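Consider the two complexes below, in which subunit A is the common component and subunit B and subunit C are the respective partners.
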Partner chain A sequence: MTEDIINMRGWVRTAMDFVSENTIGMSRHWEYTDSVAWFLTEFMMCVMVFGGIMTTLLVLLWMERKLLGRFMDRRGARTSLRSLWVGENGVTAGEWWTQLPFGTGIPIGMLNKALNEIAGNDHKLEAVSRVKNRSYHGVWWLLPGFFQNLADGMKFLTKEHMVPEKADRYVFEIAPFLIIATTVMCFTFIPLGPNFHSNNSEMSILFLMAVFSVAPLGVFFAGWSSNNKYTLLGGIRSAAQLTAYEIPLLVTVLSVVVLSGSFNLIEVIEFQVDSGVWNIFLLPLGAVLFIVVMVAEVERIPFDMPEAEAELVEGWWTEYGGMRWGLMFASEYLRTYAACLLFAHFFLGGWEAPFEDTIPFIHYIPHITWVFLKAWFIFIFFVWFRAALHRVRTDQILEFGWRWLLPLSLVNLAMATVLRLWVYDGVKEEWPILVPILITSISLALFVLLSIDEDPKALEAQTRPFSVQTVDVASPGQHRK
Partner chain B sequence: MELPGFLMDPIGDIFGSIEGIAFGIMAIIAIGGALGTVYSKRVAHSMLSLIMCFFAVAGVFLMANAEMLAAIQILVYLGSVMLVFAFGVMLSRRQIMEEDFE
Partner chain C sequence: MAEMWISMGPQHPMTHGLWTLKVKVDGETVVDTEPDLGYIHRGVEKICEARDFTQITTYCDRLCYASANTWSHAYIYAAEDLLDVEVPERAEYIRMVAVELQRIASHLMWLGAYCPDVGNLTGMVWCLREREMMMDLLQELGGSRMHYNFPRVGGVKRDLPIGFAMRCRAKLKLFLDRIQEYEALLDESTIFLIRTQGVGYAKAEEMINHGVSGPNVRAAGHNYDVRWAHPYSVYDELDWEPSVERPSIKGSDCYDRYRVRVEEMRQSASMVLEGLDKMPGGSETYHEPGDPAILAKVRERAAEGKTGYHHFEDSRGESMFYLVGGGEKRGKHPYRVSIRSPMFITIPYAAKCMIGYKIADIPAIMGSFDPCIGETDR
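Moving on, here comes the complex of A and B:
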C-alpha cells in the first residue's frame, strides 16, 4: 500500500475501539466489542466520504459557473474573478489587500494600482461601480460566487413540493429516490485516498458500474409518471442513450481491469503506482473513449438530448420542483463528479503524485489532494466540451455509440489484452520504458493526422460555407455603397 | 458500567441475530415485490415491484457472500433487462392513466 501521512481509517478505528471498549466492553456483551467497533468505523468512514464529496461538489459547481463564463466570454462571470486583481470598469473588490497581516498586501496594492493605471481604469462613481461589479461584498476571501450554491439550496428547500394532478403519484415520488440514492451509493466504492475509503470490496468496480447503471430506470420512471409527453420523450431518449453507451463504458472499464488484473479499484491504482506508468500512457484510446462515453452517461451538453431545452421543455424533470429538482440536479453533478474521479483513478494514477519518485518531499503532501486536483482537472474538460460543442441529434448519438464507440472499445480491449499477456513482464513488476513512450507518441501522431481534415480543394477555392459581412464603423459623411 | 438486565438482554439478542433480521427484511421485500408484480393493476407499478424484488434478491446474494452474483444481478437484471422491459411495455401500448382521460 502507498504510504500516506493521513491514516484516516486507522485513526477512526483507534477512536472507535476506545469508544467500544468503554461501553460494550465493560458490559456483559463484551464479546461484541470488535464487531461494534468495526461497524462504527465503517459508518464513520461512510459519513466522512459522503461529507467530503458533498462539500467538494461546491467546487465543481463553482468551477462550472466561472469556467463556462470564461469560455463563453460572458461578462458577469468574468468580472467576479478579474475584479480581485484589476478592476473591470475601474472596479475592484474593495481594497482587500489592506486586510492582510503584517503589511504583506502592500505589493499587491501597488501592483493593482499600476495595472489600473496602465489599463486606464477609473473609479468615478462608486455606486455605479459597485452595481457593475457583482462580486463586491467587501469580503474578498469568500471566493466570489462560491457560496451561491448554498443560497440556491436554501431557495429549493423553501419551495413548495407539487405533484401534477394527473401524474402517477407513487411512481412520481419514488423515482427521485431511485435516482438520488443510487447516485450517492456510487461514492461508496470510490476511494479518496490510500486510507480514506468507505468500502474496499473485492468487486468494487463491478459494484460501482452496477449501481451506476440503475439511474436510467429512475429517469425513465420519472419521465413516464409525470404524464406529460415531453417528459415521456425525455425519459425514453435518456433510457435509449444510457443503455447504448453502457456497453462501450463497460468494455472500456474492462480493458483497464484486464490491464491491471483486478476488479478492485484500490488495486487498480496500486498497480499503476507499482508498475510506474499511468494507464493513460498505455491506453490512450481507452482514456478518450472513457471520457466521451462518460459525457454521454452523465447527459452533459454534446449528448444532452434527454433534457434538450429547445425541444423538450426541460426533458424528463420538467414536472419536478423544489428540493426534489434540486437534489436531482445535484445528482447529475454527482454523477459527473464520479466520472471525473473514476477517470483520475483509472487513467491518471489515482492518488499518486506526478513524478512521485523523482521530486523530493512530495510525499509529504496528503494523497487526497492529488485525487481531488486530478478530478477537478478532468472536470475542466467536461466544461470545455459544454462550451465548445453543440447538441447532437438523438439518432446521431445512437449511431455514434453503436457504430463507432463499441468497435473502438473492443479494439481497446484487444490492445489491453495484448499488453498484459505479451508485453508486461509480471516478474519484473515494471513496464519496459519504451512501451508507454511508443504508444503515446503513436497515438498523438494519429490524433494530429486525423484532426487535419481540411479539404485542400476548398481551401484553394477560398469559398466559405457562410457569408461574412464586415461592419465598418459609421462615421459622418460615409455610408455603405 | 453495567446496564440493567432488561436493557442489556434485548441488545445482546439483536447483536446475536442481526443477520437473521436483515435476511428476514430482504426476504419480505422480495416476496412483497414478487406479489406486487403479479397483482398490480398498472404495468409500470408491477415493473417497479419487480425492480424492488431484484434489489432484495441482490441483497440476499450479498448476505450469502456471493458478491459477484449480487453485482451481476443488479447490472444485468436491473440495468439492462428491466430497461428493455420498460421499452417493450411503454412503446408497444401507451395505457398510462387511461381512467384519467375518460
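Moving on, here comes the complex of A and C:
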C-alpha cells in the first residue's frame, strides 16, 4: 500500500476503538467491542466520503460556470483570470470579513486590499475601470458564485412538490430515489486516498459498474410515468443511448481490469504505482474511449439527447420540480464526478503524485489532493466538450456507439490482453519503460494523422464530406396521399 | 410505436417566437406536421389605416424584433412611391448603410439562435457579442437599440453622427475577422456538419412555387435577390453580387442555408464599407424637411385609387408594402396598407420540409429557415 501522511481509516479506527472500549467494552456485551468498533468505523468512513464528495461537488458546479464563461465569451487572459475571483460585473458582497469574530477576518481584509491594488478595478480614473469591463466598485471576491449553489439548494427546498394529475404517482415518486440512491452508492467503492475509502471489497469495480447502470432504469421510469410526450421520448432515448454505451463502457473497464489483473479499484491504482507508469500511457485508446463513453453515460453535450432542450424542452425531467429536481440535477453532476474520479483512478494513477519518485518531499502532500486535482482536471474536458461541441442526433449517437465505440473497445481489450500476457505479466524487473513511450508516441502520431480529416479534393469539388441517410426526400404536399 | 401528435408550442424552444407546430411522430420519425400561426396577430395593416403616413413607420419597426430597420425602410420606399417624393442621394446611402447593418445584426441573431438549436450555447454568446457592435452603430443612427424609427418619408431622421464612418469601419473590420471564428466553431465541427448536412432538403422550384424568397431560395441555387434583380436605392452603384449557394441535386440543406447567411453577412459588411467610401458629402438628407410638409401634400398626391408599392429585400426574404391612397376622404391616412411577409409564406413550407426526418431535426430545419413570428402574424 502507498504510504500516506493521512491515515484516515487508521485514525478513525483508533478513535472508534476508544469509543467502543469505553462504552460497550464496559458492559456485559464486551465481546462485541471489536464488531461495534468496526461498524462505527465503516459508518464514519461512509459519512466522511459522502461529505467530502458532496462538498467538493460545489467545486464542479463552480468550475463549470466559470469555465463556460471563459469559453463562451472571449476575454483577455488577465480579465479572465481576475474574474475568477472578482464577482461578475464587479458585484460586491460588502466587507463581510469585518463581521467575523475575534478579528479573524483581518487577514482576509488585508489580502483583499492587496489584491485590489494589484488586480482590482478600483482605479482612480473611471475610464480605466470601464476599460477593465467592470463596474466602478471595489473588489469583493474569492468565491462569489461558489455559494450560489447553496442558495439554489435552499430555493429548491422551499418549492412546492407537484405531481402531475395524470402521472403514475408511485413510479413518479420512486424514480428520483432510484436515481439518487444508486448514484450516491457509486461512491461507496471509489477511494479518495490510500486510507480514505468507505469500502474495499474484492470485486469493487464490478459492483461499481453494476450500481452505476441502475440509474438508466430510474430515468426510464421517470420518463414514462410523467405521462408527458416529451418525457416519454426522453426516457426512450435515454434507455436506447445508455444501453448502447453501457457495453463499450464495460469492455473498456474490462481492459483496465485485465491489464491490472484485479477487479479491485485500489489494486488497479496500486498496479499503476508499482509499474511506475499510468495506464493512460499504456491504454491511450482506452482512456479516450472511457471519456467519450462517460460523457454519453452522464448525458452531457454532445450526447445529451435525453434532455435535448431544443426539441424535448428538458426531456425526461420536464415534470419534476422542487428538491426532487434539484437532487436529480445534483445526481447528474455526481455521476459526472464519479466518471472523473474513475478516470483518475483507472488511467491517471489515482492518488499517485506525478513524478512521485523523483520530486523530493512530494509525498508530504496528502494523496487525497491528487485525487481531487486529477478529477477536476478531467472535468475541465467535460466542460470543454460542452462549450465546443453540438448535440448529436439520436440515430447518430446509436450508430456511433454500436459501429465505432464497441469495435474500438474490443481492440482496446485485445491490446490490454497482449500487454498483460507478454509485458506486464507480474515480473517487475522485466517491465521496460520503452513500452509506454512507444505506445504513447504511436498513439499521438495516429491522433495527429487522423485529426487531419480534410479531403482537399472533396473540398474543391464542393461535395459533402459528411452525409447522412434520410428516410426519403421530403417534399411538401406528397405526404398526404 | 404508435403514431402520436406532439404540440410544439406556443412556448417551445424550437419556435423562436409564439406559434405552434403540431408534429405527428412515429417513434422518432416525423410523419406529418401542421403549423398553427396567429398568436400575436396585432392587425398592423388595419392600424395603419388609422395613422397618417409618417406615423406608420413606427408600426413597421415593430413588425420584426430582430430586423426592425429593414421593415421600416420597406414601408418608406412604398410611401415614397405613392407620394412621389424624391430622396437625396446621401440619404439613400445612409439608408443603405442602416439596412445592411441591420441585416448583419439580424443574421447574427439568427446564427445565435441556430447554435442552441443544434445544441451549442457558445455560438449564441459569440454572435450576440458581435451583434452588440451592430446595435451600437444602429443606436448612433436611430437613437434606440431595437426600434429605430430611422427613415423618414423623403430621407432619414438625421445625418450620420460625427465619426460614425470611422467607428463603423473599425467595427466592421473586427467583425469580418470574427466571422472566421464562427466558421472555425461551426464549419470545422464534424458534429455540426452531420447535424446540418443532408437534413431538410428544399428544392428551388418547390420554394418558388410556394413563394419562398430571400436567403432560403438563394441557398437552393436560385439567384434571386431584389437588390440585384430589381435594384432600388443605391444598390446598382455598388460592386457586389448576391451570394448564392450551389446545392446538391436534392435541393438545399440546412448547411446551405447556414452558409448563404454567413456569406451575406460578409457581403453586407463589404457593402457598408463601400457605401461609406462612395457616400456623397453634404448634409442634405431630407428632401422635404419636416413631416408637416409631407403631410400637407398627401391629399393631392395620394389620390383616391392611386397605389404605391415596393419590393424590398428583407433579411428573411422579399417583403412588400402595397399602399392605396384615399384622396380627400381619407385625409392624411392611406386607404389600405397591405404587407407581404416572407416568413408567413416560408413557415408552412418549412413545416413540410421536415417530414421524414427525426424529431431532433425539427429545430435544425425550422431554425435554418430563420422564422420571425412578429412579421408572420403582423
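Note that the second predicted complex is superposed on the first by the 385 of 481 C-alpha atoms of A that agree within 3 Å, B and C clash if a C-alpha of one lies under 4 Å from a C-alpha of the other, contacts with A are read in each partner's own complex, and residues count from 1 in each chain.
What we mean here is this: a contact is a pair of C-beta atoms (placed from the backbone, for glycine too) under 8 Å apart; a residue touches a chain by one contact, two chains touch by 3 or more.
Worth saying up front: this structure is predicted, and the values here are computed from it rather than measured.
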Exercise for the section: Would you sort A:Val171 into first (subunit B), second (subunit C), both or neither based on which partner it touches? Expected result: first
Exercise for the section: Kindly classify A:Ser27 by the partners it touches after superposition: subunit B alone (first), subunit C alone (second), both, or neither? Expected result: first
Exercise for the section: Figure out whether A:Ala239 sits in contact with subunit B (first) or subunit C (second), or with both, or with neither. Expected result: first
Practice task
Could you say whether A:Leu206 touches subunit B, subunit C, both of them, or neither, answering first, second, both or neither?
Solution key: first
Handout entry: Superposition-derived comparison: subunit B or subunit C, residues of subunit A touched
Key = C
Problem - For the subunit B and subunit A complex, residues of the former touching the latter - result: 1-3, 8, 11-12, 15, 42, 44-45, 48, 51, 67-68, 70-72, 74-75, 78-80, 82-84, 86-87, 90-91, 96-97, 100
Handout entry: Contact set on subunit A toward subunit C in their complex
Key = 68, 71-74, 229-230, 233, 237, 301-302, 304-305, 308-313, 387-396, 453, 462, 464-477, 479-480
Practice task
Sort out for me which residues of subunit C touch subunit A in the complex.
Solution key: 4, 6, 8, 12-14, 25, 28-29, 31-32, 115-122, 125-126, 129, 185, 189-195, 197-201, 203, 206, 210, 246, 248, 250-251, 255, 349, 352-363
Fill in the blank from the handout: subunit B partner, complex, touching residues on subunit A are 23, 26-29, 32, 35-36, 166, 168, 170-171, 174, 178, 201-203, 206-207, 209-211, 213-214, 216-217, 220-221, 224-225, 227, 232, 236, 239-240, 243, 246
